[in-house]
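Following this line, the structures themselves.
Okay, so chain A shows up in both of these, paired with chain B first and chain C after.
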Partner chain A sequence: MPVTDRSKLTFYLLLAPLLLWLVTLIILPHVGMFIVSLREKVGVREYETSFANYAVFFNEPLYWNTFARTAYMSIASTVLTLLIGFPISYYIAKLTRGRTKTTLFLMCLIPFWVSELVRTFGWMILLRETGVFSGVLQYVGLADAPVEMLYNDAAIMVGLVYTSMLFMVVPLVTTLDSLDDSLIEAGYDLGASGFAILREIVIPHAMPGIVSGCIVVFMLSLGNYLTPILLGGKDSLWFTGLIYSQFITRFNWELGSAFGFLLLGLSSLIVFVGLKLSRQSLGKTMAQT
Partner chain B sequence: MTSTPDLEAREISKSFDDFKAVKDISFTVPQGTFFSILGPSGCGKTTLLRMIAGFQKPTSGDLLIKGRSVLDVPPNKRQVSMVFQHLALFPMMNIGANVGFSLRQRGVNKSDIKQQVEHVLERVGLGGVADRSVSSLSGGQKQRVAIARCMVLEPDVLLLDEPLGALDLKLREHMKIELKQLQAEFNTTFVYITHDQSEALVMSDQIAVMNHGVFEQVGTPKELYYAPQTAFVAGFVGEANKFVATVESIAGNAVTLRTQGGRSLQGVAAGAGLAKGTKAHVFVRPEAVRLSRSAPQSAGNGGEGIVQNVLFNGANSQVMLLDQLSGAEINVALPQTGEYRDLVKGGAVHFWWETEQTRVYARD
Partner chain C sequence: MKIILSTVAVLALGTAAQAETLRLLTWGGYAPDDVIAKFEAETGHTVEVTKSNNEEMIAKLRATNGGGFDLAQPSQDRIAGPQAEFGIYKPLDMAKIDTALFIPSMLSATEGNTTVDGAVYAVPHIWGTSGLVVNTAMAGSVKDYTDLCNADVAGKVSYRLKRPTLIGFAYAMGLDPFAAYGDEAAYKDIIDQVEAKLVECKAGVKTYWDGGDELKNLMRSGEVVASMAWDTGGWQLNDDNKDITFVAPASGALGWIDTFALPARGRADEAAYAWINFVMQPEIAAMITASAGNFTASQGGDADVDEALKAKYQASFPQAAIDNIKWYPSVPAGLEALEGAALDRINAAK
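Coming up: the complex of A and B.
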């Protein structure tokens, strides 16, 4: 049957770039890294297969403390991004129309036209000891000496939220946009307060957007390298920083690979728990937004 | 019967910037009435309804429910419920949760909610579906759930915003009867807005015909149909042949006119403002026109016409005639006796209608 043969050919041809991308850029490097992570260096160019690299991680408190810290900081930044992003998205999706809507949406997008590095430097200019905020505080008289606002957890948090805001706002605006205004009015008409409407109608409807936004923001924060290093300084203790130093500074690819796999496992686990808690499925959330 | 009407509007107005959507409308709706507001789209009927529901604030005037002004009462505190155009059932909840929504907001305890929800669902003929999802229902059932969701609160007034618009024709016909029955059963005041005259005529006790932000006429369906007070009502409610003619003489109620084509017409003045020499609109219902094979002897208006087209539609068949004298086109409802089934395009036939059926309105 030539017709089905041809449609099969089309199917595989269209699938090919995706498969190529997945296999060569995702699967092969991961398999390679996994093999590297299982090698234990016993002498010069002598290796044995073992879980020694993983054992190093669990025996060294600095490593797993950093690991846990990265996880909860990322969760915190995700929650914070959601809390800030939700009202913004609601405003854009429900309370504005036409040009204003496009303009506001574009304003969320504009910061992403410059590179992350430049954006982070922007925050450094604002927050550093000789920076804008410090200068203003001194000028107003609230501080009598330069204030250093960089190199702490709050600075990291500010940077992370700022960097990932767009990835929360886009899916939220999309799902909130699809919420029929008459549902909100019907809720109001049936005697619900604004809070009850938010809890019973708006949030359940926006759940797929909330979950997919949170997944993306969480992944971005967890895997972020630039922001924690630049804004947190040498004490930032971000797990990606550890991986970087194993690979680049200490030439310990084996341990670096093991760390990489632990991070992958951690992010998958947290996303899985998040999906279970919100009773959403990955397929459903990704399909809806 | 109490004398306080369920709903009363006093010179209510609503303006958007320069545009006056609703202009000084006053009306009262007695308890238990099916009150329809009929008008073309953009006439301000939705704005009026949204003001009653509380989603919009009138620019001026007062609105009373059970004799009490509700201008400062927000929609979630008003004893008014609304069935939305697309029903607005909450897809994230099952049917029981939808119907019980308003009770939950009032803090009614769970077992009472369950009982009341089941009771109201039974009344709309949908007992035992509380645990099913909204999407499992058909269009007509959704309609009934939407009404049940409003009725569970026992509101003083139920507002309906063209809820039948989204249904297909067959179901719409069916739902018209059902809505009327539900209204009679609940004995609640219904305020129904629609642009479909047949919906309004079939269901309503009282109809207000609305155009350009004002009520043109308020009356029973029969009054509107047989005695429209304005040219707009005559043209909007039911079908009508419309002619433009010049008034030749007026004697009391009787008017003699001449159309542009030269036909002389005898009619009754249905509106004020008619004067000799002025232009007027003349309306004749298609079913008021009678056909005959030979020239009729009685007084009235009539002549001979050539069949332009036969629009066969069973009981609603019509024939389009071209008046040979004036060149005007006249729609005539075919008698259902089958007497004129042999009429074909190009054939000649006499037509005639009574003077009383010729309603004359001043041209504005």
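Coming up: the complex of A and C.
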């Protein structure tokens, strides 16, 4: 067999699992869902092709507002995760060595050994009216009646940040690790302040890590279902919750599919705008982290 | 004698036919392990249980066009609509069901409600009601659904954001939603009024509960003192705290009947019929009542039931309250979209 043929065969063999994955698990279901989203129900078992389901989203302020609320809460949780995650990653990457580093990194990972559901229930035990925090506050005398900390937006935010912290820390540690310490030393030698070094040297170097961490955290928050529903209670309107209820409790697959596609499109748009604003490209970001 | 005969019939069926695997789509507590073990020993069939709820059952069967399960247990009011819309069930062969095992009034009511194009799609299994679960020491004022909006219990009430809540509130407001089932405009008018009321009440709601365990947790901790819930939930809580019990609302508890229906593409019909005839025997029905907490449609099935449960049932349901139960009629296709939009708006309201 000639060499070119053999290398071609290897190429296709290696390509096959990827193609199989992409086509059967991603492309085909999406095509199917898109077709469903174009069906307008006109009667019992009667459907017409139209964009009516998409029009519902734009005409009913409820759905549009829910998406906007989900998007800005996800952006807020991404920013919060970055603000908390950056010092942690910097400490792990630059100020520790050897075993301490591994231990600290592992401790970030430990909460992920249990399922998301268990982690969320953990937060419910801490935050509820008869929960741990409320009990401690009453015990030390800071509150004279039970305090309800669950079922509000702040509780959702705590849950989202906690759930996605790891996905911010990992890319940040990787990029910060690759920053040569001598660059920072050189900065100090030239008389720069700590803040100037952070702004001129550390952040520009870590930018790909920041961007990819933000994309992952934003997408995870936007697509989260359990945390907002369980921690948010009666005000927990979240776009994924709307999609779930259209599919499961309303039997309205047509509208649910349309919502799914709108979520995909609008979240991609937000990520695109974010990349443009930070002057990063997706390819560059992915290559460096 | 009848019991022995039917057991023998089941036995004969089981040994004659090929042993099958029965994939049962049901509710928590409806297929306890001891009943399954007995059934498997007697018939040779094996049983795989999947626990679910009404909406998920329909969604699951719709996704596979009625495949993946051999026997499902949706409520009787949720069969005709989805069947007309999605065709997920197949008609029952009543000749294969031992109808003498059923309470006749319940059997004929269920048959009437689940008949589509002249074919019967379901027989009754377990019935119960939903109403109010109240901590009588702390929320004595709650006697009806609308009392959940009272100022003295504000911040300490809960209910589900689902269709029973809409129906219950409508009755408590003096409206008659079931009578308006056939008239979409009149029904929409009722739902609009209920929506306005529920939006007004939202400030006093602690949280909308989703699962039975979540509600029990809230009631046990005292964070919630009154809620809309199923009768069994109230009776179970009564075991832990004597103050908490189920109260049939002044405007009437809502009565439901969970049924047996055959999914359109089920593969083990023999085992499914065998299961139906097996669990409707009075002594097996009593075992299921002990596990699920609700009574069955089995003739004589309440005879062997534990006295404590009977006492709780009688305390919650004096004869007048039983006569006042509003049984769910079959939901016409299309009404649920209307209700869904109202529930979404209530959920989004500030």
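Everything below uses one rule, namely that the second predicted complex is superposed on the first by the 287 of 289 C-alpha atoms of A that agree within 3 Å, B and C clash if a C-alpha of one lies under 4 Å from a C-alpha of the other, contacts with A are read in each partner's own complex, and residues count from 1 in each chain.
Assume contacts are C-beta pairs under 8 Å (C-beta built on N, C-alpha and C of every residue); 3 or more make two chains touch, one makes a residue touch a chain.
Nothing here was measured: the structure is a model prediction, and the numbers come from that model.
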Item to complete: Quick one: on chain A, after the overlay, do chain B and chain C clash, or do they fit? Just give me the call.
Response: fit
Worksheet item: In the superposed arrangement, which partner chain does A:128 touch: chain B (first), chain C (second), both, or neither?
Response: second
Worksheet item: What's your read, chain B or chain C touching more residues of chain A?
Response: C
Item to complete: Pick one for A:237: touches chain B only (first), chain C only (second), both, or neither.
Response: second
Item to complete: Check the residue A:186 against both partner chains and state whether it touches chain B (first), chain C (second), both, or neither.
Response: first
Worksheet item: A:66 contacts which: chain B (first), chain C (second), both, neither?
Response: second
Response to the item:
For apex chain A with the CA centres of chain B and chain C, the angle to the nearest 10 degrees sits at 150
Worksheet item: Smallest separation in Å between any Cα of chain B and any Cα of chain C in the superposed model?
Response: 47
Practice prompt. Please give the residue numbers of chain C that touch chain A in the complex, ascending.
Written response: 55-56, 58-59, 62, 82, 84-87, 162, 202, 205-208, 210, 221-223, 333-334, 336-337, 340, 343-345, 347-348
Fill in: chain A-facing residues of chain B, complex
53-55, 74-77, 80-82, 84-86, 88, 90-93, 101-102, 105-106, 149-150, 153
Discussion item. List the residues on chain A that touch chain B in their complex, please.
Written reply: 180, 182-183, 185-193, 196, 200-201, 204-205
Fill in: Contacting residues of chain A [partner chain C, same complex]
44-45, 62, 65-66, 128-130, 148, 150-151, 229, 233-234, 237, 242, 245-253
